[in-house]
Each structure stands twice: as C-alpha cells, then as structure tokens.
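Everything below concerns the one structure shown next.
Chain IDs A, B and C follow the sequence of writing; residue 1 opens each chain.
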Amino acid sequence: MNSLRDWMMPMQASEHAAKIDNLYLFIFWLTLAFFILIAYLTVAFAWKYRRKKEGVLTVNLQHNLALELVWSIIPLILVIGIFFWGFNDYAAASVAPNDALEIHVTGKKWNWSFEYPDGTRSIRSLHVPVNKPIRLIMTSEDVLHAFFIPSMRVKQDVIPGRYVDLNFTPTVAGRHQVFCAEYCGRDHSGMMADLFVDTPAKYAEWLEKGDEELYKMKPAELGKMVWEMKGCNSCHTIDGTKGEGPSFKGIFGKTEKFRDGSTIVVDENYIRESILNPQAKVVAGFEPVMPTFQGLLREIEIKGVIAYIKELK
Amino acid sequence: MSSETHVVEHGAEPAFRQHHFVDAEQQFSTSKIGMWLFLATEILMFGGLFVGYGLMQGVYPEAWVAGHHHLDRIMGAINTVFLLCSSFTMVMAVHASSTNQKSKTILNLLFTLAFAAGFLVIKYFEYSHKFHDGLLPGRYFAYHGGGPPQQAMFFGFYFVMTGLHGFHVVVGMALITWITIRASRGEFSSAYYTPVDLVGLYWHLVDLIWIYLFPLLYLVS
Amino acid sequence: MADTVASPQVHGPVGQHDVDYLHDGSLLSWLTTVDHKKLGVMYLWSILFMFFLGGIFALLVRLELFAPGKTIMDAETYNKVFTLHGAIMVFLFIIPSIPAALGNFALPIMLGAKDVAFPRLNLLSFWIYATGAMIAVVAMVTGGVDTGWTFYTPYSTTTDGSVALMTFAAFVLGFSSILTGVNFIATVHKLRAPGMGWFKMPLFIWGIYSTAIIQVLATPVLAITLLLLIMERTFGVGVFDPKLGGDPVLFQHFFWFYSHPAVYIMILPGMAIISEIVPAMSQKTFFGYKATAFSSVAIAIVSFVVWGHHMFTSGQSQLAGAIFSFLTFLVGIPSAIKVFNWITTMYKGSISLQAPMLYALMFLILFGIGGLTGIFLGAMSVDIHLHDTYFVVAHFHYVMMGSTVIAFFGGLHYWWPKMFGRMYNETAARIAAILVFIGFNTTFLPQFLLGSRGMPRRYYNYLPEFQFLHQVSTVGSWILGLGFLIMAGYLFASLRKKFDAPPNPWHARTLEWQIPSPPITHNFHEVPVVKSDPYDYYRPFEPSVKGHH
C-alpha cells in the first residue's frame, strides 16, 4: 500500500497530507475496480458476441428496472460519500490554528519573496520551523500565480489586489519544492522556491543570521535594499533634496555641524552610531525624530548601508 | 398545429415557400422558433453584461452614483418614450401586414424608423456631451470634476452597454428599411408576412433591453 | 403540438436533382451552397485541417518536453505554441467537429428532412466560421498569443501579442456555434418526418439537440466575456484588472460559465455518435433508450451549474466550492448510466468488429478512464493537490481526445461511405485504430503519474525527476501521429476510387441508410413515413423510405 502511494505521490510532509492521500488511494482503488468492470465487460462482450453469421435477428432487451436502479443508485451513493469526505478534509485544511506563524508571501513575475514576523526577508527560499502551524498570507504584484508545495499537498492561487491564506503544518525537516502552478508567462516554469523546514533551533539561527542571499549580494546593493525596505527612504533622500533627515547624497566625508555646535567628518563610525543611537549627534537644522535601529538591522546590513552611502557621491 | 390547417395549402405553390418545408404553416412556425432562440441568446448576452455591471456596482456604489449624475435623465426618458412609441407602431405594422393593408404597413414602418432615428440623434447628443467632458471609458477617462476614480469603469460599462444596444438599433433600422422596401413591392399578405413578424419581434427585444438599461444606468440609487 | 409535423405529400419538381449531391453543381457552387450535406463536407475539410494544424502544435509541445531546458524552442515560443494548440483544438476543431461537420450532414437525413430549418443561415454560419478561422490565423502570424486558451486576466490584459485579435476570433466563432445551434433546435422541433415522434428519433439526434441547447444558452455569455476582455485591452475599462479596482476572479466565473458547458458541447456529440454506432454494429435494440435520451438533456442542464469546480484554488468561498463540488459529482451519474447502457446494448448482440465499432470500443475504455479520473478532481481536498498539474491535462485529454475525438473518428468511419460513396481499406483502418489507441495511452497515461507526483502544467522547463515520464509521453505522441497519418492515407486513397459503397454497409436501420450512398441533393424522393423505432434489430427490417429499393 505505502509503496504504491510513494510511487504515485510526493513525500508526505505535512499534517494533512496523509488525509488527502487516503482519499486519493480510496478513489484510486474504487475507480480501478469500476474501470476493470467496464473494460472487462466491453472486451468480453465484443469478443463473445462477435458476429459469426450475417443477417441474424437479436433479442429485444430494452429495459431492466432493477439493473438500471442498481447502476444509478450505487454510483450515486459512492460519489456523495466521496463528496463529503473531500469537503471535510478541505474545510479542515483551510482553517488556521490561532498560534500559526504568519509569513507574508509576494508573487511577482517570476519570483517568490517572503517576509517574516520580525521583518526578515528572503527571496526564492522560505524557512519555517518544523511541526509549527504556518499561515502564509499571500498576494501578487502583477498577474495570477499559484503557490504549490507538492509534499505539503497545498496549493492556492495568488491574486493581485487581494490577500489569500494558505495553511499547513510541516512535519518533515529538510528541503521541499515550491512551484508556481498558475500560468504567468515566460518564466512560469522557473518560478520556483525552496521550502526549508528547519528544527526550531536552526530556524532561530537562520532568522538571526538572515538569508544566505544577503551574503551573496554586493554590500552597496544590500544597503540600497535596506534603505528601501526598512523605511530609511521615507526621511533620507538620495538626490540631495532635504527630507525629515539629511540626504545621503555626498554626505560621506563631508563635515557636519550638530545642534550643539560641534562638528565631525562623516565616516563609517559616525554612520554606525547614527543608525544605532541616532539621538547622540543630531545634525543642525533637523529634529531628533529618528528611532534607533538597534536590534533591527544585522551587522551585515549596517555594513551594506555604509557601503551604499559611500557610493552616493 | 393540426394536420387540417395545412391541407388547404396543397396544390397551391406559393413562391415564398422554401423547398424543404412541407407547407407555409410549417415554414412560419419554424421561423418563429428560430427567432425566439435567437432572442434568447441576445438576452443572455446582455444578461452577462447586467451581471457584471451589478456586481461592480456592489463594489463601488459611490462611483456608480457619481457617474450616473453625469447622465441626462431627461434625454434618457425621451429616448425611452421614443422606443416605446416605435414598438407600438411596429405592432401596428405587423397587424396591418397580416390584414393585407399595404399602405398602413408602410406608414407604420416609416414611423418606426423615424422614432428609431430620433433615438439615435438624441444618443448622438448625449455621446458628444460625454466626449466633450472627458467622460470616457477606462484609461481615456479625462473628467476633471473629481469624484471616485472608478467612474472610469462606470463609463466603460455605459459605453459598452449603450454602444451594443445602439448597434442593435442600427441593425434594426436596416432590417426595417429592408422590409419597408419589400412591403412597398407588395410582397406581404395575410398568407405571408413572416419577415415583418420576425423583425417586429427583434425590434421589441431592442426596446425591452433599453427598458432595462434606462433605470440601470440613469436611475442608480 | 402534435408529434407529427410534416404531411406526406411532396412538393417541388421531383427528379430534377436526381444526381448525387457531390456532383450536383459546379465546384464553385460549393462556396454558396445551402445544401446541408455540402456544408457538412466543407466543415469536415476545414476542421480536419485545423486538427492537423493543432496536431502539429501538439507534437511540437511534446518534442520540446522531451528533455528539460531548451530542446527545440525558447520559452516564449513554447508558450505561444501550447496556447495555439489549445485554442485551435477547442475553438476551431472540437466544438464545431461533430455538430457542424457530421451533424450537418447526418441530422436532417436521420430526421427524414430535406435540409435543416434555415439553410441560408447554415451557409452564413459556415462563412462566419471561416472568417473566425482566418482572423485566428492572422492573430497567429502577427505576434501570436501566449495566454493559454483560457485567456485568464490580468495576464491576458497585460501581455504583448495579438490577444485582442485572437479573442475577437473566438468571439466570431461563437456566433457560428450559436447559429448552428439555433438551426438544429428548430430543425428537430419542426422538420421530423411523419411518424417520427420524439422517442423514435435516433439517439444521435438527442445528443446533438442537447448540445444545441448548450450552444444557444452558454455561448452568448462567452461572447460578452470576450467582448469585455477586448474592451479591457483597448480602453482599460478595468473590470478584471485589480490595479483599476476590478476583479480578476470575475473573469474566471464568466469564462467557466461558458467553458464548462462547452466541455459538454464537446462530449455530448461524442456520446451521441457512440449511441448510434453501438446498436448498429451490434445489431441490437438500444438498452435504455429513454434513460440515455434524458441523460443527455440532464447533462446539458446540470452542466450550467458546475463551472466553479475549475476554481477550487482560486479563493472563491468555501460554500460555493462545496456546492460546485457536489453538483459536479451529480453530473457524473448520467454519464455513468450511458456507459452501462452502451455496454448492455452489446450484450447478446451480433457484433461486427469493423472500424467504426473499434472506435466505439476504444471510446468506452478511454471515456471510462476520463470519467473516473474526474472523481479525483471533483473531490475538493484531492483537487487542491492535483489542480493545474499534469493530472488535469491527462484527465481532460482522455475526455476531449480519448472520448470526443475518438468518437468523431468513429463517426467519420461510420458515415464516410454515406458521405463520399466509397469504402476505405478496412485492414488499414484497423491498424490505424490500434496505433491510435496505443499511442494515445502511451502519451497520456504517464501524465496522470506526472501530475500526482506534482508536475505543474504549462511548464516549459521541468525538474530532472520528471524526465522519464515526459519521454514516454513524447514517444507516445509519435505513435499517435503515425496512426493518424495512416488514417489520412487510406481515407484520401478511398476518394480516388469510383463509388463502391452500398447504401447500407452496416445493415443499420436509421433513415440515412435507406437512401443511396452518396445521397441525392434532396435526400429523399418522397418524404419518408417512419413506422418503426430506430433500433428494431429484433425483428425483420421494414423500410420507411420508398423509391430507392
């Protein structure tokens, strides 16, 4: 039984995968039995009653109420049973437990990106802790996509302008494949992601360290991403115009004057201090409104911001 | 239809009977079935539009209310009256042709045409007004008087629905012209007035669709 | 309304058109003919050409999928090729195939009529089809279309290419379909020969009649949906575009409201043909005539309320999903009843295993698989896993191709002698049928496994673990292609012969077999008077048509 299932289906890696597979296998055996019946009768009748002599008259069989009722009612009962079975499992799978870990998913031609409760982001790889209910809150930035994890037996269309849920509880640690299942254009078949189901310790470590993608990026690129995603861009422009805070353009190496009258040449240490303890030195002409990013930015991200500011001449 | 009714026809060979029909009665009733089926498809087509319109109205009621304030109820009402009158004259034309009154048939058909033309003239004024104000569908919406942005969608529906209906009016006028010419040639009689009858049915449908369109578009609540 | 609507007297000059319809009139006169048989033949060549074209695209798709990555074309080309395969096969081949080609030819004769109710409308409908086909070809060569045949928004409103033109082609083709439907309904209601009550009609007529109802009632909704899509692209109205406040899922509702009934526009005529071939080739009374007739109508009606089962993962409400799932299971029951009726009809028959019957037997087995695998997809929880995977691709190919197309070719082999007055080579026909059967199953059976293992559909590239099954499938497509090539060979070869078909090669009893092969222009010298049921094989034959024997 199990070997047949493993041959037909992907690994069972979520709490409700077994339920879906049980119904799948039930329908498989049931329809196989019906198929054998149909195929056997078709072939057997065709052979047994093949024409041996031309021009014979045949028996007049037009009705058999008992037979007709049997072959109408038995399938009817069976399919109604299957309907309830399928609906129950469907309804059960679509309810998220209260303690679910919520992760935002965005589909955009042709990438999946993920945002975790602590603000961590990742692209094309989704990390989740094992045995913990997961609720994905998904939307699309352009066309329809569908988030499909075969080994979890879940799939949901991702629709622009709307949030939709996907719930599952992963039970098997390791890498799992994510596909886009709704046709979305040229690289539809390349719109994949890796789902990494980690032990809670490994998951926490990953959150701490950030996605590997961060380590692959050029520091200035990473800095630009941080500037956009962490909201730096709402106060600090990069084109020299004045915002709530000083513009980043040409600031590195410049001598800044502070509210208390002191001055300093902007260098790596000053930028680092301004991110982690912004009230320490407030540039003259600005209000002390910047919040601290202590604990919100990883070391590598701070380095990225510094590299980015250096580049803005 | 009983078999007695068409016994009369045997022997006579009316020119209008097509070869694959047994008699005129069969030809007439078949044509009617065909026309009713065609009308059913028309209703379903407009029905689809109405459903889409209604659903979107449910999502953006303010835009619909704001949009309909730009429509001229008076002109819409006059057009409704025009089409109702044209339906009446059409009924008269069908009746006249079925009772061998040639000149009355033609006169009523011409009246119908006149009402239809009047409808289009008013529609023309309405459209040019909208064009002038920039009340155009979708990305061409250029109205500067404010209001919810989804008015662009409202006018999308407005132009699709009235445009499709207007197209039906134009087709109807062509058909009426065609049967008017045939009527003036004396082709219709109490024995054969199927084309007048069928065009009449079509025209009533065009009228009926407007009866639904008018309140849907002009009298949004 | 009385059952008998026509009187026995014959009008019009008898004997004027005594030549067979194929040779009546010049070659040019075919273009403006109102003869339902000639129109049927013209449709036949048109749709066979479209089947060839769609088939080439299918072979290209399979060839590309022989290995992961680029095999013969890039991703953008692949997306256009699979879109064109789908659009051509659905709109230009399957939907018109049985009703417009075989139905046009056979339906009036089987009713004992000289023509359809509105012959000129029939001609118009053909030319609308031809216009639609030409627009589609223009769309293909001027940029192509890469939306998939379903035109889902907002992809279809934002992608490049000739989407508006292709959509317009489908819109035009819809009108052809509507007019054919109107014509058939009126014909069935009004032009039955004397004595042919509703329950003396051949079951083919019941099937085509049910199909016509769907064509008339569902196609207008497609028309308006496609019109809105065209407006969306040209004016940016925004009804389906979330950026402008519209709802992309609304498009899916509209689209499937037509396109699910359209699935039955495709399968019901296939069933109708099988209901004709099985009793004739088995020389057996039809078992459960009324059940089969009513189940066609029942399927036609229920088909209007199951569209949401295409959208279990689209985010529609759970209740709506449950209702659609339930109704989907219900619509399976009439289909099951039909299968049991066909099989029981064979019981104790005198079964000829000539080509038409081979196709009917293939149909029973392939439709069995196609129908039963539908149960997996109707069950909501299982569908979540299988939706938009190759399992769905395999399922609908078993229904569309394994059933409808196989039934179409069964019908073509059945009526070919009547249409063209020639017999084809029976041995070649049997070899081709067996190749088609083997090729079809080799192509599509592995796809069920691909799908349940998680291979999504419409994929240009795929993971290496799926390669073996894809290769088996591609090899199958070559066997299938070979089978069709042989079929084309012997069918064309038969046309080079003189007329050699007897009026009734299958000893069948419906009216079309009581007139010469090929028929004369007006079908009958005298209006036939129907005395017996269409499948009275238990008693000696009593002809309804005079003057030909």
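Note that a residue touches a chain if its C-beta (ideal position, glycine included) is under 8 Å from a C-beta of that chain, and two chains touch if they have at least 3 such contacts.
Since this is a predicted model, take the numbers as computed values, not measurements.
Put simply, the chain nearest the middle, going by average C-alpha positions, is C. Highest inter-chain contact count (C-beta pairs) belongs to A-C.
Inter-chain spacing, taken between the CA centroids of subunit A and subunit B, is 52 Å. Between the Cα centres of subunit A and subunit C there is a gap of 40 Å.
Distance between chain centres (mean CA atoms), subunit B to subunit C: 34 Å.
Counting only residues that touch two or more partner chains, subunit A has none.
By the touch rule above, subunit A contacts subunit C in their complex via residues 8-10, 16, 19-20, 23-24, 27-28, 30-31, 34-35, 38-39, 41-43, 45-46, 49-64, 67-68, 71-72, 75-76, 79-80, 82-83, 85-91, 93-94, 142-144, 146, 148, 150-151, 153-157, 159-162, 164, 177, 179-190. Against subunit A, in their complex, subunit C makes its touches with residues 75-76, 79, 146, 148, 152, 154-155, 158-159, 242-243, 248-249, 282-289, 291, 312-315, 318, 321-322, 325-326, 329-330, 332-333, 336-337, 339-340, 343-344, 346-353, 357, 361, 364-365, 368-369, 372-373, 375-376, 378-385, 387-389, 449, 452-454, 456-463, 507, 537-540. Those residues of subunit B whose C-beta lies close enough to touch subunit C in the complex are 1-3, 6-7, 10, 13, 17-23, 26, 29-31, 33-34, 37-38, 40-42, 44-49, 52, 55-56, 59-60, 136-140, 149-150, 152-153, 156-157, 160, 164. Considering their complex, residues 1-2, 4-7, 9, 11-12, 113-119, 121, 178, 181-183, 185-186, 189-191, 216-217, 219-221, 223-225, 227-228, 231-232, 235-239, 244-247, 250, 254, 522, 527 of subunit C touch subunit B.
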